[in-house]
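Handing you a structure now.
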Amino acid sequence: MLDSLLLGIDVLLNPTALLAILAGVVGGVVIGSLPGLTSTMGVALLIPLTFSMPTEAGLAMLGGVYLASTYSGSISAIILNIPGTPAAVATLLDGYPMSQRGESTRALALATFGSSIGGIFSVVALFFIAPPLAEFSLRFGSPEYFLLAVFGITVIASLSAGSMEKGLMAGAFGLLLSTIGAHPITGELRYTLGSPTLYDGIPMVVSLIGLYSIPEVISMISGKSGTVIENETVRKRSAFSYLPEVLSQRLNIIRSSIIGVIVGIIPGVGCSVGGFISYDAAKKASKTPEEFGKGSAEGVIASETANNAVTGGTLIPLLTLGIPGNPVTAVLLGGLMIHGLRPGAELFTINADITYGFIMSLFVANILFVPVGLIFARYCAKVIMVPRQILAPCIMALAVIGSYSIRGSLEDVLIMLFIGMIGFILQIFAVPRAPLVLGLVLGTLAEGELARSLALVHGDVPAFLYQLVSRPICIVLLLLCAYALFQGIKQHRQNSKLLDS
Amino acid sequence: MFRTIKSTAMVLGLSLTSLIATPAIAGEFPTKPVAMIVAYSPGGGTDTAARVIANYIKPHLGQRLIIQNKPGAGGQIGFTALSNAKNDGYKIGFINIPSIFLVKMLRDNVPFEMSDFEMIGNIQLDPVLLTVPVDSPFKTFKDFVAAAKSNSGNITIGGDGPQSNNQLQLVVAEDILGIDVNFVPFNGSGPAITATMGKQIDASVPSASSATGHIKDGRLRALAVFSDKRYPYLPDVPTIAEASGMTIPGIGASMRGIAVPKGVSAEKRATLEAAFRNVVNDSKFVAHIERLGLPLAYMSADEFSAYLKDAESGIAKYIDLLK
Amino acid sequence: MEVNRKRDIIFCTLVLLTALLIGIVSLNYSLASSYFPLMLAGFMAVMAMVLLARTMKQNNTELTSDEKAKTNSHLIGFAKVFGLIIIYVMALSYFGYIISTILFLVSAMLILGESRLIWVSAISVCMTLILAYLFFEFLGVAPPESMFSIL
């Protein structure tokens, strides 16, 4: 093990590799923070750039883009109330209120350090225990995925500030939006209005832009989201002075990191689910759950730590088994293979130097995005000083070009606008938007895996139900769902009592 | 203003796009970069192959090749865009066979005809495999057929789908072998392979390129490749004819070739054809493609067109089994 | 909890209508493809009715005139944003990226009340170029095709 560590460190003494990590991190921070640029696109389009680079430098750069772009979605979420990536939606719930209180530096610092720690934790997991953990990813069959989606849906309760019914309706509507397009098993086209643009459903990023950018622009020009002058005491503190605050939440960090790594290992689930589940867990474990949604430091740390812990988690099945867990890693796999990193059995033997070099560069990237992100964020934070009548058109143009560029289609801009209208309606009626995003994220998983589970047992419903109570991981997930339900009811009762008295 | 952008881009070593048209110098085609429509998202298998080609073709084409992703509706949006593109030779497309036929035949109101395209050449051919977990009781293809016959309809087989080339290959095999299995669609060959390795299903029909690494790692066993020839990266896997003793056409094999909208002049087509033929023979390109494990199978414009004619009638025969 | 009854009633009606519409459209599809959305639509309808019932039981709070004004200004804002973007999209397909984006930014800023023309034009041009560089150069996305393709 020490040998391999040395092998990895060797790579890092190479200035080209370090420069490549820096370039990747800078690129990743920019890509992730802009709504409309996704990490998948970033990695895919940068791969050709790495063709001509030395192996370690090419791999290091791709790793840097992946990690930094996962983190930096939180920057725009905190500053502008517009999440750069779906993974930042849970961060937004507390990060934006915090920055509205005049504590944006604090929120950004908490998010940055949380991300970095979660990322480092997951790289350590990748380094030491990847092979045994990878086997876990093969244990996930369709019934397990279905129950995981159901468990994810129970998180809605934690995301619904105000009325629970409204949160549930928003969640159900998100799930409904995700059913647009071809059915995952029968292939039948649904709710497409005859337009081929809708055959594959609505792209996640297009929905996200519409749901958050449009209502935000509207509030901006209606003069209700005022410029917040940063709190005097907060402004005087440097971002690094918040590191102890993050480190003091030891339990929260460990819990969130573990949740992130586990979610990451399960193929096909992704960063945002990790953030949501961890946010929910932190709220349930918190001594002050009523602070959540109003600018709780615990919420920001939980969500960001977990969604970056997912990154290392997804690399575990990717490197050991060649199984990509999300679209970014699927693209990354191609990039790794071009540079001669063949996932699988030879990874830690014949190719050990490349593998450990890559892992070490991930480690460095996780540290490097802290200064890069904080510097970038400090300039971004100035954006809110720009007069609204200038900022709003710029955000609109970014929203339009961003949603256009996902598939190079102007029709997607119209879809974005339609989703924006829904976001606006939800805002008018005080309905939370986060459950809708959760529904969108989990919809295909829930519908597809339910249908696939049934197809695997020839549509025999009792046989499917028997599977749910007989497979070990299913039992665990069922218990988790039951616990979540119980907690939800308990909380609901408490709230009602509070109101009665 | 654009000069500054241009120089910055060059300093950064970034590739330029068609945004900045190179000043036209009177002379032979092509005098400006050629754009290639790819009907799938950045980062997918088709896109990766296209970008590798683009990276090596410049010396052979004399101009850069720019990738334009037009993903959506299983390729329909990109293929439609290609059929409507200007036929001046500067807009070409990467087309996927048999996806383009499946889109056309399985859907209503598809706004292109196969006659809207003219072929330039085929680059890749990625056949379908039948794979099982490495400790599966099916040691050979014959074991599998016997089990499928004695336990009709109960063997579950995963694969990309629904209505994919993999499913097409499976229904063709079922029809000719006289067996009936339970096909369960997955979101791509990758998830189907994962489910096979985790023994969630009995077998799967992934594309050969996506399964090769797992077979070499000893997690999967390939029982047969649905092709006339053995797959170059897996020389020990028997062809379907060798494994079953029957002729089963490999029309489910996924092919990626170059096409142009009809009406491009013969000289321009010849220039393009030569450029793609030369890149496929470029040793640096081949080395790169081999590292990715992508199977090359070059066909000239005439061979490719002839192949497509056969494939079209072959697929039409089985299309009802996919509906 | 204090609720505004009128607003909740409008919202629940909207949800019920949406659920009904989804239910009707779903009848066109086979049950295998539509049971999941049908279940969700049903669930949404039930939740809307639960909320409606609860709203009726609780005390109604009238909206303050301030809140009403806020909603009105939001509606006007929505109309502006919606209209501007629709026109922008149409312009994109006619005049291409550069011209449309500069025109869009300039007119949006003027409509929203900025009057310093130098600032407006400088920022519009810069923003247009930044976006062009980011998306069309750096990420290599093909710019929208226009009828009079200048860029």
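By written order: A, B and C. Residues from 1 in each chain.
Basically, a contact is a pair of C-beta atoms (placed from the backbone, for glycine too) under 8 Å apart; a residue touches a chain by one contact, two chains touch by 3 or more.
Being a predicted model, the structure only gives us computed values, none of them experimental.
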item: Number of hops, subunit A to subunit B, where each hop joins two touching chains; value: 1
item: Comparison of A-C and B-C (more C-beta pairs in contact); value: A-C
item: Cα-centroid distance, subunit A relative to subunit B, in whole angstrom; value: 31
item: Centre-of-Cα separation between subunit C and subunit B, whole angstrom; value: 38
item: For subunit A paired with subunit C, centre-to-centre distance based on mean C-alpha positions, whole Å; value: 23
item: Of all residues in subunit C, the ones touching two or more other chains; value: 138, 140-142
item: Per-residue overlap in subunit B, given as positions that touch at least 2 other chains; value: 14-15, 68-69
item: Residues of subunit A engaged with two or more neighbouring chains; value: 41, 45, 185-186, 408
item: Residues on subunit B engaged by subunit C in the complex (per definition of touch); value: 1, 5, 8-9, 14-19, 35, 66-69
item: For the subunit C and subunit B complex, residues of the former touching the latter; value: 129, 132-133, 136-138, 140-143, 151
item: Sites on subunit A touched by subunit C in the complex; value: 30, 34, 37, 41-42, 45, 163, 165-166, 168-169, 172-173, 175-176, 179, 183, 185-186, 188, 190-191, 214, 217-219, 221-224, 387-390, 392-394, 396-402, 404-405, 408, 410, 413-414, 417, 420-421, 424-425, 427-429, 431, 446-447, 450-451, 499
item: Subunit A to subunit B touching residues, read off their complex; value: 40-41, 43-45, 47-49, 51, 137-142, 182, 184-187, 194, 196-197, 199-200, 267-268, 321-324, 327, 330-331, 334, 337-338, 340, 342-346, 407-409, 448, 452, 455-456, 458
item: Subunit A-facing residues of subunit C, complex; value: 1, 7-8, 10-11, 14-15, 18, 22, 25-26, 29-30, 32-34, 36-37, 40-41, 43-44, 47-48, 50-51, 54, 70-71, 73-74, 76-78, 80-82, 84-86, 88-89, 92-93, 101, 104-105, 108-109, 112-114, 119-120, 123-124, 127-128, 131, 134-135, 138-142, 144
